[in-house]
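Consider the two complexes below, in which chain A is the common component and chain B and chain C are the respective partners.
For the complex of A and B:
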């Protein structure tokens, strides 16, 4: 159990990194509370696994410190840090039974057998593995094996943090959902700090209380799922989260008002925008409605997504997507779009205007 | 019912049939032919049934060389498999030394077998050979052309030098293919190096080791060239292994019948033991 602090952490896989480009993980500082559920979300190669391995101690940071409850652990081995990690591909000890697999971390630490037995049975029951405890671990299905990996982390009562590195990659789709809710349930039950790495927004947003979005080795935004959705700090977050992602339209700011192709657009943070930068209006498809007046657009495509339809329109050379609820009619020909001002933001060079401290 | 009229596709399989026939079936059948008949030349053959087989099975020469062969192969396996495994574990996984190690390890495998025999023959000579002279200089009387123990020692050492690399390279390939996540998980689980070896590396190497043991078993059971060049089966007949015995029968004595029966028995022993090894090592898999 620990509060995790990352203090101006930086990592490069090169021995003598020269430019910023050489860093797989650019400078970052974060504070994670004890018992929280966190997700690291980002596309492949964005540095999230590097960050995870730094926290677990499989990598030593080039610069900066990692603190567990205020104590510097940057140079401790994974074993000394007392963490658990579940990998992308299930790691099990083939020749052992499920029971022995779960007991392995405890046996390595010299815990008395009676205590081991109690813990293993408890965790086995928690993960629905009781019936298979005496089977050989190699005979289990992928999700069963992944449960064992997880169980080896849970079995130690003093683990500081449990980390998941895209743990559902090799799990069948219909079991993914089950295992995901199991994880959520376990977190509620044991209140251990958990860090979940994924490139799947659904997994991240459903699992975590706090999601850290990464891109190109940088943390782009850290916030609750609602914050990420309603107020993306960067166009990358706007685009990466949500389906479809945020609409981004080129704009100009004149006299404290934003204009897209000659139309005045009301935005929440227009006052903070400076005209010097490359400016864009960001608005999610959820916050656009068809009205009597506003931006003129042509409908290009309508696709049905069940509860709602995604309407793709074209306005002054830009694509604007919006959602129309099931049952509502969609007019034909020229339509007029209006944006919800409280959910419309201006971005300067990709970052939200006025939001970057 | 539609019957395929065009059977010409069979011609495509024909080359394989011919190949298999010439490299396996026909030679083997010739041997079978000799083993159940008697011939005095001129292509005259007389039926002799199982006479030759009975003769070989009761032949003390055969018993002795079989015994020697089993001891030799046993020694070779006992030394080469663990040694190869240890070498593979010590080899680097990354960096410039990988290729250096691989080339060094592969070198003995590239030396022709009779050259291996000649090399060791000369090197172990007690008066001029580096090894022979050195051992004698240490005060240990050593002469592999006269002492059976010395001859055995040299033969086994030569085979270890020649073939341990094969086991090491196979094991190395197996070790390299273990995903990093296993080692990382073991670190996190607090496993000691011995536990990593016992519960990760050894189980993952099982298949590779099975192959290595089978190959080394078959090869060492059939060893001929290196030994004939090194000791010629001597001193006396103390290093006369099965293949040497067979060649002496077939070419030396021109006893084609018994030699053919010998060949078939030899072949069946290898086949049976290979099957036994394989089944034993794979048995746990199906459980």
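For the complex of A and C:
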């Protein structure tokens, strides 16, 4: 178990990177506490796999250091870093039993059989595999195999960190729930440092205490799920997290007040906004309601999502989406939208006004 | 225009992959096949397309028997989960390929490719090869090829499964717009209940090689005709429990008394299985018809705007999904409230009673 420090880390796949553009991972400094549950979240190509490979030792960073409990491991090979990894596709031995699969990482390291037996049974019990320990792994379904992969990642008690690279991508939704909650439960029980890499916001937000959102090789925000949801630092986070994402509307600020298409809009951070920048109002669909007054809009489309409906509207040339709970009625014709001021933010050139470090 | 499957079945070796199936799909409709992996979605699509031959039954297109007609002779397009394009063709030639095969003249090909590319926002990429495209653009190219020739039947087999979350959301929004105004029959397979809901249209729920129900999507979601359909069409899983109904109350978890709720009050006394969706089970009582229960918290998932709480209630797991952040501690005992008015009552064979 270890605290992980990334100190001014930067990586390029070019031999002689010249400009910032040449870096797949832009300069990054972060501290991850021992025993925490972290997620790296971002679209394809955002640099999250590069970062994962740097931590595991598959890549050596162009610049900067990786420290485990203060000790520099930047140049250690993967096997000397003492890391467990679980991949997108199950990596198990079909010809071995479930028991032997789980025992494999321990036997490899010469752990005494009595200790192995204790650990395998413990992990087997946590993953509800006790009844099938003596079965051959070959007959299992994809989720059954992935459960063993998770078990193999969790079985060693001496690892610094357990890393998960999109571990639930190949799993059906109804089983995803089970595996995801199992993983969360296991983290709460064994308190090992875990890093979970994914492009799926639901997986990241539900698994991690702290989510690192990446885009274009840069960390755009690192925060708790609530912080990312309620106060995105950047419009990218507003858009990427939440389904549908945050509404972004062009605006101007005059005399300390924000206006969208001539309508005054109350925003929490309007006092910090400078008119020199490209300004946008950001408000999530969850924080918009239909009322007697407010911004006039036309309903374009209503999609049923079960527990709520997504109402897409057009107002002065902008699309505004809002959520209406199941069972609540939606008026027809012209409607008026009001934004919850404590959850309405002004963004300057993409960054939250007053919040940029 | 319609496609009709009449008593279709499919066996491979001794295994039955599709059981006796009847289904009628109309031109201009968007139809979702919803079910888990191996429930038979792909096999059913292949039967519709003519890629596979049924063991029994007939397939009628526009009332004409096409059971034995090869896929090449039917006007069908297919898009797969994997992004399938010609790697050595550029985007333009990829989209144009079915039209060239059909021997269409150059100016018409140009017009159609231009229109399809516009619709799928590929116009700036027409000269690029698939390897120079993102996953989303590669799949857009495959979809453009599927719509360019005015197929009668367009089959989409989990086309968004390999895309990033946000791209999936974007294309999910666009797809119905792309097909709107066409007379084609569109069939879309997915494992995700939310995706089916957001598409609207019609849904066929599939389970172990059978269509359990077919009809307008939101009707199917709210009034599933049996418990299997309700289970297939619920994410997170629908909560179920056996109840004893007497007069205006029900006994649940063998010991707790709840009001019978709107549906429960109208049915005969007896034993039922109830189903309550997770979003109707909340930390705060919402309705007069609430039923409370205690359970042990197994896991709490907080997503920033929602809390999902998994509880152990005397050996069965119930899930609650609610607005706001409710950080219940794992292992603690917590009280939840179910809105019994929203409960579905199923009979001994799983059929919906009320």
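Methods note: the second predicted complex is superposed on the first by the 354 of 357 C-alpha atoms of A that agree within 3 Å, B and C clash if a C-alpha of one lies under 4 Å from a C-alpha of the other, contacts with A are read in each partner's own complex, and residues count from 1 in each chain.
Here is the rule we use: a contact is a pair of C-beta atoms (placed from the backbone, for glycine too) under 8 Å apart; a residue touches a chain by one contact, two chains touch by 3 or more.
From a predicted model like this one, the values you see are computed outputs, not experimental measurements.
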item: Partners on chain A (chain B, chain C) - clash or fit; value: fit
item: Touched partner set for A:79, first chain B, second chain C, both or neither; value: first
item: Chain B versus chain C as contact partner of A:334, first or second or both or neither; value: neither
item: Which superposed partner A:89 touches (first chain B, second chain C, both, neither); value: first
item: Partner chain(s) touched by A:18 [first = chain B, second = chain C, both, neither]; value: neither
item: Which of chain B and chain C A:181 touches, first, second, both or neither; value: second
item: First (chain B), second (chain C), both or neither touched by A:149; value: first
item: Chain A residues touched by each partner, larger count belonging to chain B or chain C; value: C
item: Where the C-alpha centre of chain A sits as vertex, the angle toward chain B and chain C in the overlay (nearest 10 degrees); value: 70
item: After superposition on chain A, the shortest CA separation from chain B to chain C (Å); value: 11
item: Residues of chain A at both interfaces, chain B in one complex, chain C in the other; value: none
item: Touching residues on chain C, where the partner in the complex is chain A; value: 36-37, 134-135, 164-167, 169, 191-194, 197-198, 200, 217-218, 221, 235-237, 277, 279, 298-305, 308, 310, 319, 321, 325, 330
item: Chain B partner contacts - residues on chain A that touch it in the complex; value: 56, 58, 77-79, 83-85, 87-89, 91, 93-96, 104-105, 108-109, 136, 149, 152-153
item: In the complex with chain A, residue positions of chain B that touch it; value: 179, 181-182, 184-185, 187-192, 195, 199-200, 203-204, 287
item: Residues of chain A touching chain C in the complex; value: 43-45, 142, 172-174, 177, 180-181, 184-185, 188, 199-202, 205-207, 225-226, 228-230, 239-245, 284, 286, 303-307, 310, 326
